[in-house]
Every structure is written in structure tokens, then in C-alpha cells.
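Okay, got some structures for you below.
Here subunit A shows up in two complexes: once beside subunit B, once beside subunit C.
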Partner chain A sequence: MNQSQHFCGTSAHDISRRVFLSQSLAVGSGALLGTSGAVHALDEDSLNAALQKTGRNVILLWLAGGASQLETWDPKPGRPTGGPFASIPTSVPGVHFSELMPKMAKRMHRMTVIRSLNTGDGGHGTGAEMMLRGRKNEAAIQYPDLGAIVAKELGRADSKVPGYVSFYSQTEGRGSGKLSPAFLGARYAPMNLDDGSMPPNLSRLEAISDLSHQDRARLRDLLSARFASGRETETMRSHSAAYARVHGLMSSEPLFDIEKEPKWIRDRYGPSLFGQQALMARRMIEAGVSFVRVSRAWWDSHGQNFETHAEMVPELDHVMATLMDDLDQRGLLDSTLVVAFGEFGRTPGVNASLGRDHFANAWSAAMFGCGLQAGAVYGKTDDDGNTVTEDEVGAGELFATILAAIGINPNKEYHVGARPIPLVNPGIKPIRSLLA
Partner chain B sequence: MSTTANFQIAEEKKISRKDILFSLARVPESDRVFCGSSDGTVYQADLAAEKPEPTAFEGEIRHRPGGYVTGLALAAGNRRLVSGAYDRQLIWWDTETGKSIHRVENAHAKWIRKVVASPDGQLIASVADDMVCRLWNAGSGEPVAELRGHRIETPQYYPSMLFTCAFSPDGSRLATADKTGHIIIWDVASRKEISTLDASCMYTWDPKQRRHSIGGVRSLAFSPDGRTLVAGGIGQIGNIDHLGANARIRFFDWEKAVTIAEVEASESKGLVERLAFHPGGNWLLGCGGDNGGFAILIDPTTRKIVFEGKAPFHIHDFLLTDSPERFIAAGHNGLVVQKISGV
Partner chain C sequence: MNPVAAQPSFSASALFRSGFSCVLALCLQTGAMAAEPWWDRINPSELAPANAAVESVIDQYVDAGLAKRQVSPAPEAPPETRLRRLMLDLHGRIPTMAEMDEFLAGDGTPESWRHLVDRLIEAKGFDRFQAHELNWLLMDGQGTEFQKYLDLATTERKGWDAIFRDAITGQADPEKRPGVDHFLRQRLADPDKMANDVSVRFFGVNISCAQCHDHPYVKDWTQDTYYGMKSFFSRTFDNGGFIAEREYGLVTYKTTTNEDKNAGLKFFGGTALAEPASVEPDEDRKKAERAQLEEFKKNKQAPPPATYSRRARLIEAGLAEDQQHWFARAIVNQVWHRFFGYGLVMPLDQMHGENEPSHPELMHWLARDLAAHDYDLRRLIRGIVSSRAWQRDSLWESGDRPPLNLFAVAHPRPLAPRQYAVSLKFATSSPETFGAEGLAPEEVEKRIENTERSAAGYERWFERPGENFNIAVEEALFLSNSVEVQDQLLDGGGLMKTLATLAKPEEQIRLASRSILLREPSADEISLLSGYLAGRSDQPQDALRQLVWAILSSSETRFNY
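Let's turn to the complex of A and B:
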């Protein structure tokens, strides 16, 4: 077995199927994970009932490196900062996108745009960490990222597929933001698919026949049941559940095989890696994965911003539009939230390399799917895009809005030891006017 | 600017601006120049003035604000100026009145990158990111021909870009070059492709770290005898967030379709945006930049760099004057007159 390629529990450390199993067992037995305190969700049983009721899930299109708001959702044509692209009308009167987004422009009535993000952190690592958590980590506590929270809150306890999958095929910025379940524990860590779209080591070893594999499982079940008889504890249940999950993961191998999709659907998403991974995200959502991050790196266009965006935005436009249509046609759009943003936007000023630099003071995010008011544009920037002039939104408000849209109460609290940890910082509220 | 060996380039006059100037044209035997701006305007300036103040061309027909004016060419005995811009329009201007008189609204389907006039002034050639080179009657603005041969997409299925073109000195040949480094030589009379050249060394596709591309052939020039074609761009870039590689120029014997030499700058980073030979073939001048600007002089015989120095800004275009040792350069936030000495 190639030990360098496994399922990952964190972005920094790969976790093999075997390690995954041991960590799952550890979670069930109440061992300390992530921080020095055990986690006690306030109302886990009722939550599980609620999540089964909602059945919602999230696809995050992570625009790593920072896509330009001016070349996507908030164009400023004709202004000194506007760059060379024209704007085009969308299906919502009065709302314009960059001319690079004709497909999403036709679908604006089905989506939501926030143009007034002021997140204040123009660093790749620190910005990503904040946007993925809705706040900055503290010295004393590391917060779980969005995917981990969604996997915990919306994932089915009996699910045989992973709750949280992250694609990040490019290497630049892969470590930014450090995906982590933190105190939620490794059970909610992402399965990181970095070096391909198929998890390594998922397949049964060739030396073990399918029959032998099944026999071994039956024997383990038998022995476990015998051992557990009269020992009805959480640890016993967790032990069996963890093995069931591993078997579930192994049996979900076809989920990662995009060739299982008809060719015409694969063609529809286009030949790009981003498109193919977006299709895989749809397959996973369909199969019950709660949160999938599809990363598209690298937008950090300090040089030749306009040519970079001329290359990358049409791909984003095509993939987003195809994903929207596909989810809709499969009846998944009412239960799936798709969000697109990165760690920041880009400067209105154009540098001497015809580039735009990091900018977190007035930028945009886009969303569509469940729980949102479709056709809404929230917030406004000034004529040159330098400042937010209406309805400023911080990372926390965006985070809270995403949670609320998928039916998670942002004010819910976890406890790490005796310390209550709300999902968002105190005082942070979702943008009510954007919620359906 | 600095000095190398016996060469020196010195700044004679500089006009600072807030916009970016992408293109230049000049009426021969005069100090009158025209500049294409990032604000979508064509300006004219009298460089003989102590403090030249560019004034805008006007008219009911104009480029879209923000449509970078990337191509300018004089036509019809210098009575007409043809501008091409990212707004896809070609506009004919009366150089005496400064008024627009004719336009082709959708001259191309994508950004127009370059506009040049044939040596006899009869034809205008325009290239754009729709990957088509179009020939126009310089006087009437009527379409004459379209040359298709560049691939619409890069090998990685992303939109390609057709950056530049140049006529041979006798006007019988036209060279066009794209983002992937593919160069085509066309026979102007028959509109046929007669040769292709490879400068893919100037195209960087990063498949792993950042998964997009940068670079391409940004400038072309035929030698005064028409036998050599030079292509300017940038070398392979490690970190494509920036134009972080040395400027690069490749010499071709285009008739044999072979590379004669490749020259890589040692101190100058960024794109070679413009190339021009001294009319007598004494030197080849290349200018461009990244966050800063540069000028490079090359001995066409030895194909060695004889001068390399910083320019006051990233240069997007330059023109030799009637005295070829003096050139006018336009670029990021400025216009400058430079003099080459020691030649």
C-alpha cells in the first residue's frame, strides 16, 4: 500500500482507512479530539431528526487565490478601475454581470449575489481560514470549518458515504485555510481528494477476494455481536458503526468513477477538471454527501489579470450554469445550496503588469439553491468599487447566512468542556432578506 | 536608463498620465503622435511643445469607455487614422479634424489586439482574440479578406488569443502570432498560409500549481531585408501570478521555417510588447515590462544583447522617429521620448 496516499483527516496529514477507523472509534468512545475538551452538541437527537427532515447539502465552489469581483459579479465598465470588459444585462432588470458570464447572467433570477463583502483580510492563508470558518481562529480555540459543521449537522449518522469531501487538485494555496473539524473530531474531517478524483486505497486489496472480504466482515460482525452481548455501550455501537462506515466507503467506489455518468452529461460539464469535479460533486450530493468543496485554483492575478480572467471566468460561468441546470433537472436544487467565493477579491486599481492585487474591502460572493431568495442582489459598492456603500457584509454574516439557508441555526452552541462555542460569533446574524 | 557597453538610452521628455497607453501612431516628419488609451479614447499630442498636453479625438462614433485602444495605424496618406479596441470596433478618424468618420462596429467577435497598415498604406490588418486576422481597405474601410489559421482554443481547451501581426517591408507577407506561440506567415496577395513557426517557449501552461496560462508572442517584426522575422514575448514562468520571467526574443529564418537564435534578457523581466529594427539594420529594439519597464538593444548580426536597461514604465508600444535613434514610447501612466546614443 502506498502510505503517502490515503483519505485525509486534515489537509496536513493523510489518514488511511485504518487510521480513519481508529479515529472513528475514538470519537465514539468519547476520547478528546482536536482540543482539550469533549464536544457535547446541545440537542443531537433532535438535530438528527431535523437534518433527516431537511436533507439539505452544500457545494462550495472555492475560488482559491481570489477571483476579481469586477470581472464577475460587480462590474464597473467605463470607470478608471473597470478594466476592459463590458457588462451585460442579466435576467433581473437593472442587474449587470461582466460580459464573461453570459450563462449565469441568463440565470440571475435563480441566484443570489452579495456585492458588499468587507472581510478586511487580504492574506491568502488568514483570509481563507476566516472565510471557511466565518471568523478567525483564536489562540485558545480552533474553529471547525463550514464543511465540518455541515457534515456534523446535516450528515446522516447511518450514512455509508463520507459526509464531507474536498477537491483541491492544484497545489497553490491548497494548505490555505487549513480545513479542520477542530473540536468536532475526525469523524467530520474532510475526505481530501487532492491528487485525483478517486480516493486512493479505496479498493479492496487484490490479494483478498470479494468472497473472502465478505467472510471476514461476517466473522467480525459475529465476534463483535458476541462480545457486545450484555455490553450495550456507546463504545460498542461506535465500534460497529465505524466498521460499517469503512465498508460503506469501500462500496461507494463507483461514486468516484465519473465514467459511470453518461457521456452526454460529462460533455455537458465540459472538459475542464473543474467541470468534471463539479459533476462529481453532484454525484456525491445525490448519494448523500452533505458537503462538497470543489476548489478552482488559482486566481491570484497580480500580472495579466484580464487575460487570466478571460481564461478562467468563462469556465466558472459554464460550470456554475451547468451545475445549476443539472441540480434543477434532478430535483436537487431545492435541497442543495451552491456557494462560490474565495478568500478575497481583487483591487479595483490596475497595476503596471495589468494585474489586480489582493483586496478584501469590497468584494462579492454568489449563491444559488435552497433557502435563498432567488434573483436578489445584496449590498452595493461605490462607482469605482473601492468601498462598500450599502449593507456591508462580513465573513461572519456570510457564514451565518449559509447556515441559515440550509436550516442550521447559526446561534446553536457546542460545548468544549464547559465553554459554550456558538457556530458564529456573538452578535453575528444571517442576512434575513436573502433567506427564503 | 542605464548604459551598457557603448550604448545609452536617455529620457528626453516625459508626459505623466493616469491612464494606460497601449498604442501609438505618428505622422512622419512631424512631432504629431496619436495614442490609444485604456479609457477608450484616441488622443493626439504635439511632442514639439514644451509641455505637450494630449487632446482627445471626438465624434459621434467613439470606442466604448474602458475599451482599451490597442491598435492605431495611419492610412490614406496619413489623412486617416484607424483605431482598434477591446470593444471590437475599428474606427476611421480624420487626422486633420480629429473627428470620427467611419466605423466597423463588430469588426471582430472578441478583443482587437493590434492594427497595422501595409507599407504602401493600402491595407489595414487587424488581429483579435476571435483568432482571425482581417484585412481592410485602408481608405474605405471595406473588408477585403479574412485569414483563419490560428486555433480558437489552447491545447488545454481554454480560449486562445491572437496578439499581434506585422507586414514584411515589401508588404507581400503578413505574420500573425498567438498565445500558444504559433506564428503564421501569410502571402498577402493570395491570402494563403505559406509558413508556420513555433515560439511555444513563450507560452506557459501551469497544469499543477495554478492551472491556467500566461505569456504568448506579443510582438513581431521583419528585418529591413525581410528575410528574418523576430518574435517577442517572455520565457517560461514558474509563478504565473506575475510576469516573473526574463524577456525573450526569437529569431527565425521564416522562409526555411527554422529558428536562427533565441535571445533571453538577463535583467529585464516581463513581456516584449514591441519590436522594431533600425531602418539600416544597425540594431533591433525591444521594449516591454512587468511591473516596471525595460528596453533592450540587440545586434542583429551577432544576435547578442548590446544594451539592457530600465524604462520609466511598462512600455506597451513605441515608434521610431525620423531620426531612428529617437523613439517615442507609450505605456503605464505615461508617454516618453527616449534617445539612443552611442550607436
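Let's turn to the complex of A and C:
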């Protein structure tokens, strides 16, 4: 299909396309999804092809439950909303962090902070859904999450390691922060390492030889392909796709063994689970995994916000700083983007239980690594942190910026059946001034 | 409260906890702002007669839809496929070889199919699987307490209306209604979740969008509707493990224009329901009430039921003659979706007046029929599996597959975790287990039950299928490398032992195919699989094991087609 017949980037075409979509969807979205042979990705040429960079990867530090921007990247000391903690200067003159982040403060010149997120959804489930996808799902279509897109766009087809790994060891919020490759298919679903660092059933049993293991898999595929002929569905495709990945994954077993890292490196990251998993993430990125999510729960401090943050922020500070140094020393910082955010921030106002509630209207995200302007702070909130006063950023813009930073064109479109689906919603642009 | 008055803040207890998003896209898709709900456009006198057989009405309307689109449907599926499908859908497992043989030996008339369906629906295996499925529908499969109630309710053949009544009343009784309070108790901490869950699961509508603003396209769904639904539950609380209800208390909410409003009791499109005036008690009365409740707690007693119960009002409103169509349609659509892999209305939680079913008259007729027959789900299920529409083949070899909502060809459905786990176990059992000469029927039933139970541990490796379901690599790794599959299904399963006693490769292939796939292998398959065995003749036992594995892990075993 000639893409230019349908879309040339003007808003008028947007509208006519939407009309077209609503008509074709009325036939039944299931029909569209069910009959589409494959998802086609057609590049648009509006962005320079030179932007396409390979070998880049992402670590998402997922701050589940919603960390407070006031106790981290956007402190308001001395204000009614400021809380008890002081602010400290950073390595970039004029920029201050909460005193709970001394290590990152020393490294501000290497990172990028967005202080003007207004994402508008203060629900754990819906907020997480949006932050992980850059937009809300529609009733008729679910969107793939960031990791699935990165794994698809930057992963290598012949990779022996998983493209996408997610750590989520605490139980709080695990359900609401659920990841999904949606129409990209199970090939780009995360390998979930929720209960430990070694995926279950990764090793071959002794009772079966390697040769038998491979032979029988071929036999299985043959039988399944015969069955699927004339009745194949998306789900059936995902069944065989899952088996096709088994052998590659099995050969990546040593990757999941943290004991393979020297003790002194493990010690640098510290004894916390979050630290150890951040180290695992680095190890995986080094081995070619495209996207690793390391989750830290549970920031949801409706009560005792300051105790919670006094405990959790220094850990975040230490782990982020160690990760930055480690990636840098290994020469990986030029190819790795590290981003830290959760489903929302927290209210500037302090409630009667000395907590801060859900707040999505003026909060912060932090990033460092490839593709970004180092030392930049983008956006501003008012004196009390209640509203964004400058350079407002939505979930879509943040998502587009991350994609652009690692060389993925956010305007790229997937096709599900006849329906073109851009990586970000029409009209959403990356923050150009933050891109290197 | 938050000291900063002007900012939009979201407190933990209130807004946006539901995890549901708005349905704007769907409204655009389905031609919003129609003047009246689709069901008002149906003339009951033009519908199929009320006393027609359920299956014939299904076929009448599905066929009409096909004729309109000029699609000729797939032929009837082969008998092996139909029995496998029937057993998976009614009993949650594949048939045993003995059951298949008996079926194939029959005369194959519609008459004997109906007898078989009746027998299967009357069997205990049906009740077990039905209760399991209803526990997914109402509880997402979580918890064992409400399952106990559903087990009993299904065995006692309670109608769907009675289950609704029991769940919303929530008065447990160890003999009559064990664990029934758990439907409410699991949701007590969050009245928003309660309101959403009851709306979605019993009435097929997701009104959560109206929590924050009037619904942009369904004109009857205003914030009143949402808070009206929430009001049915706002007085309910837990007192020492017992469901209790106050007789006062109003839900208040902020409109989009920041106005404070008291919600009235309201059932979807209906008007506000009249109820006794509620009087806020003074401090003394509240104190006395608290003391009394403490006393009940201490004595582990249920507080006396409220003389006026809002939850009872919901039951009354939901099942009222002129309103029960919501309730009836929702369960018809759920059951239809379960058996066809696609609802008459999609998505399942958007059954409002502006989202017309693919077959409006059929939906209307089935809902009316169910309500007229004591909400007996077995009647609906019997009709579905007796219809031609349900018995079609899943193969479609020429041209584009017709849209799912025409029901022209069977849609291959991934098995639910229970179905797959249990089927793996049956597939690898010895043929003698269920088919040995002279086994008493009660003994067979006992063995079936035991085999079902022994498969429970595998369920956790499989995900419950939902929309756009993808099978995870974790499942493939489990089948490929787990000790359970190797030791319990392959080496420990009776099938492997029996296969080893057979001399000829062709006999082995036939038995493996019949035991796992419930059909004879094709000539091509025999040659493919014999080739595999011949190539590994140095290790015949291992080759046989891997052959069984390959069939067991194949897509044919994984799907209900």
C-alpha cells in the first residue's frame, strides 16, 4: 500500500483518516485484527533516516506508586508545600535537588530533568497504563508499551537474549503496572522476573539431550503449522512464536546469574534488591537486551510521606548514581538511556496523615544517557508546585522524546489490518530542545 | 484534606481508582447519539415465537445475517471435533478415548446429539466446570470462598437471578450459602470498585466514565447514574467478618462545575428511586450504635439486617419487569462469548443502548427467553451447543475469513488454564484408566474427578485468555523444560507406558494421536511421524517420548477449534 495516498502529515488528512477508521472499525474490530496477516511497519521519511541509530537500549526505573517530585527533583523548601527537607545545589549552577539526593546532585551536569509533566491521570491503573504507553488505550485498541516498541525497533532478530525484561519483585501495584505488547504480539512481551532473578524453566533437563530437544521442537512446529493452515488466528501465531524463542532464551542462562559479577561491583550497587536488579539490568544491556524495566515499589505515601521518602529516595539516589558511573566506565552511557518515573507524582499539599496523595498535574521525570542534552532542566512549576508555569509536557511528549533519543522515529506507523497506528498519537512531538 | 484548595488532587479513596478508561473511541465507532436505545427499535411481535426452540432461533437469526452479507457458512465440523469442542466447553476437558469411541459408534443424528448434550449437562462434570467459569466471571477466579458458594449453587441448579440475589444480599450460611459474602467482602474497601464491578459483571455496562463527567455520548449516563449506582453500596460495611448495612448516609460528589451534590438512588437509565428519608443520627445515637456493633463483633454475631436495605433495592430494581433486560442481556452475551469466542455485543462491558449487537433480534429473544425460564443458564447453553452455528467447522480455506460477528465459521479459541491443564493430564493418561473393560460408571467418574484435581498445579503456568490474547514464552518454557511435564506427563503418564508395549510405529502413532488429539492421524501425519521415529531408531524410547511431547505441545492441543 502506498502510504502517501493516505497520509501526508497534514491535520486535514488526520481527520479524514479517522473517519475512514471509524467506518472500517464499525465492521467489527475483531475482523480487522483477526484477518491481518502481520503488523507492517512503514517508515515515514519526515525524519532524517540518519537519526536511526542501532545498538541503543533503555533502562526504565519504574517508581511504582508515584514518587514525590518535591522530595526529589523539584524541591520547594520553605514553602507551605515544601515539607521538612532542605534543598541542595547541584553541579549545574542554579539547579537544586532535594537534600535526599546528594549523589545525583553531583551528577546533574550529566542528566536531564523534566519538571513540567502534566499527565492528568491520577489513577494507579490508568496512570500507569498511560505513562507506559504514552497514551491511553482505546476501547477498540490496546497500545503496546514502551519496552515492547523498543524491543521491536531496536532488538536484533537473531538475538539469543530476550529483547525485553521486567523486574517487579514487590507485589504492590504489580497488577496496575502491567505491560503488554498488544498488537505487536507476544514476541515483544517482557520476560517477567517477578519472583527472582532466574527465569523458571530456562535450563534443559538432564533427561533430554540437546539434540532431542531441538528435534522435537521442529516436529512440534511442523504439526502446528499443518493444524494452523486454514484456521490461523493471532493467538495461534503467538503460540508458535513463543516456542520459536525457547532455544535462544535457554542459551542466555548465564545472563541471569548475578554471581557472575565480581563481588566488588555487586557491593557498589549496594545490598538492596533494587540495586542488585539495576546491576542485572546493566548486565543485560551489555549482553544485548534492548529494554529492561526495574521496578521499585511502593511510593504511594498517602500517610507518612516524609518517612517513606527519607527511606526510599537515598536508595534511588545511590542506585541511579552507581548505574550512571558503571555504564559510563563501560562505555555504555553513549548507547543507553536511563529514565526514571512512575505513574504520577504527589500532591504539593500535605494531608492530615502527613501524606501526599496522587498528583499528575505538575510533576517530574529524570533521565540520563544517550541522545539527550546533558545538564538540562526543562519546564517549571509555580512556587508551591501546584501548577506547571512553563513548557508543559504530557505523557505523549515524554514518550516521543524517549523514542527520539534512542533513534526511533516517533511518527513511524504500524499497521494493524488496514488501520495505521503511529507510535505516538497524531500531533504529539518530542521535546526538540532536549535532544542531543 | 488537602490544604491547597484550587488544585485538582486525587485522594486515595476516591477518584480514578477503577482502572477503567473512557469509551469515547467506541462511541465514535458505533454511531453515537442515536435517538433511542437499539432495543426500543425492536418490535416484539415480529420476533420469533416465544415457544420456539432456542437452537432454531439462533440459527434463524444467524442464517439471516449470513444471507444478508451473502456469506455461505463453513460446513458442520467432523464428529471428532464436535465432541472435543462439546466436552471442553461443557466439562472443561477433552473427552476420553472411550467417550470418543462411544460417540463415533452412535448414529450421528441430531436427536442423539441432543441426548448427549442433555446427559452431559446433567452430569457432575458440568457443574464443576460451570462453577469454575462463573467464579472467573464474578471473581476473576480469585479466592476459594465464593467458589464454595458457586459449587453449591450450581449443583442445586440455581438460576442466574438467584445467584445475583445471593451475591448482593451477601448473607452466608454454612449449609445453604457458604462463602457467599465474599463477593461483597472482597470489594467493601472500595465502593467505586464495587459499583463498577456490579455494573460490569451483572449488567454488562461500564459506567466508570461517568464517575468524573457525564458520558459524552450515551446521553442517559450522567454523573447521577454513576453515583446512583454507587449509592446502593455506600451504606454497606464489614463488622467483624459479617456484612452489615446502615440505614442512613448519602453519597455526595462534585460535578464538573464544582458543585456539591447528593446522589439519589438510581438504576441506569431509570429515574431516581423513592426510598425512606434517611436521618443522620446524632452523636449519642452513633455512640450507641458503635457499642452495639462492638458487642456483635465480640460475640461473633451477624448484626441484624437493616430494615430498609439499599442493596435489596438494587436486587428489586435490577430484576424489575421493565428493567431486567439489562441483567438478562449481560449474561446472554457472556455465555455466548464463552461458547463462540466472540460476543453478540463487543466489548462485553459496553452493552449500552447505542452499541447495537451484531444480531439485535437474537439478543432480544435470548434475553427474553432466559428471563422467562428462571434464568436457567443450562437452557441457554443447551440451545447454543445444539445450534448449527455452534457446530460449524473452524477451517476456512478459500478467501478471507468472514468477520467474527457473522459466526460463519468456528473461531479457534485458546483453552482456559483449567481446560488446558486438565486436558494435558487426560491426554497422557493410560487408555485403561477410563476405558478398561468392566469399569463401573461410578468408578470412571471418580477417576475423572481425581484426574481433574491432579492437574490443578499446572494452571498457574497458563494465562486466562482475554482480548487480543498472546501466549507467553513462559508457557512454552514450562512445556519445554519443566520437571512436571517431564516426570508427570511424559514419563509418569500412563500413555507412555502403553505406547512402549506396542510393537509397530504406526500403532504407536495412532494411539498417541487418538489419546491426545482424539482423532486418527492422517496418512501424511503417519508418514511424517514414522519418519521421525525411524530417524531415531537408536533410542526408540526417547524418540517416542519426544513424539508425544511434540503432539502434546502443538497448537491443536492448545486450542478449542
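Just so we're on the same page, the second predicted complex is superposed on the first by the 348 of 436 C-alpha atoms of A that agree within 3 Å, B and C clash if a C-alpha of one lies under 4 Å from a C-alpha of the other, contacts with A are read in each partner's own complex, and residues count from 1 in each chain.
Everything below uses one rule, namely that a contact is a pair of C-beta atoms (placed from the backbone, for glycine too) under 8 Å apart; a residue touches a chain by one contact, two chains touch by 3 or more.
All values derive from a computational prediction rather than experimental measurement.
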Touching partner for A:Met312 - first (subunit B), second (subunit C), both, neither: first
Touched partner set for A:Pro80, first subunit B, second subunit C, both or neither: both
Comparing the two partners subunit B and subunit C, which touches a greater set of residues in subunit A: C
Subunit B versus subunit C as contact partner of A:Ala360, first or second or both or neither: second
Touched partner set for A:Ser212, first subunit B, second subunit C, both or neither: second
Partner chain in contact with A:Thr126 - subunit B first, subunit C second, else both or neither: second
First, second, both or neither for A:Gln304, with subunit B first and subunit C second: first
First (subunit B), second (subunit C), both or neither touched by A:Val350: both
Partner chain in contact with A:Leu223 - subunit B first, subunit C second, else both or neither: second
On subunit A, the residue positions that both subunit B and subunit C contact, one per complex: 80, 300, 302, 350-352
Subunit A-facing residues of subunit B, complex: 18-20, 38-40, 64-68, 86-87, 111, 129, 157-159, 161, 208-214, 240-244, 270, 289-293, 313-314, 332-333
Subunit A residues within the subunit C interface of the complex: 22, 25-31, 33-35, 80-81, 121-127, 129, 136-142, 176, 181-183, 185-186, 189, 191-192, 199-205, 207-209, 212-213, 215-217, 219-220, 222-224, 226-231, 233-236, 238-240, 242-243, 245-246, 249-250, 300, 302, 347-352, 357-361, 384, 386-387
For the subunit A and subunit B complex, residues of the former touching the latter: 65, 77-80, 82-86, 169-172, 270-273, 296-298, 300-304, 307-308, 310-312, 314-315, 350-355
Touching residues on subunit C, where the partner in the complex is subunit A: 1-4, 6-12, 15-26, 28-31, 342, 346-347, 350, 358, 394-397, 400-405, 411-412, 414, 465, 467-478, 480-483, 486, 491, 524-525, 528-529, 532, 536, 539, 542, 546-547, 549-551, 553-556, 558-559, 561
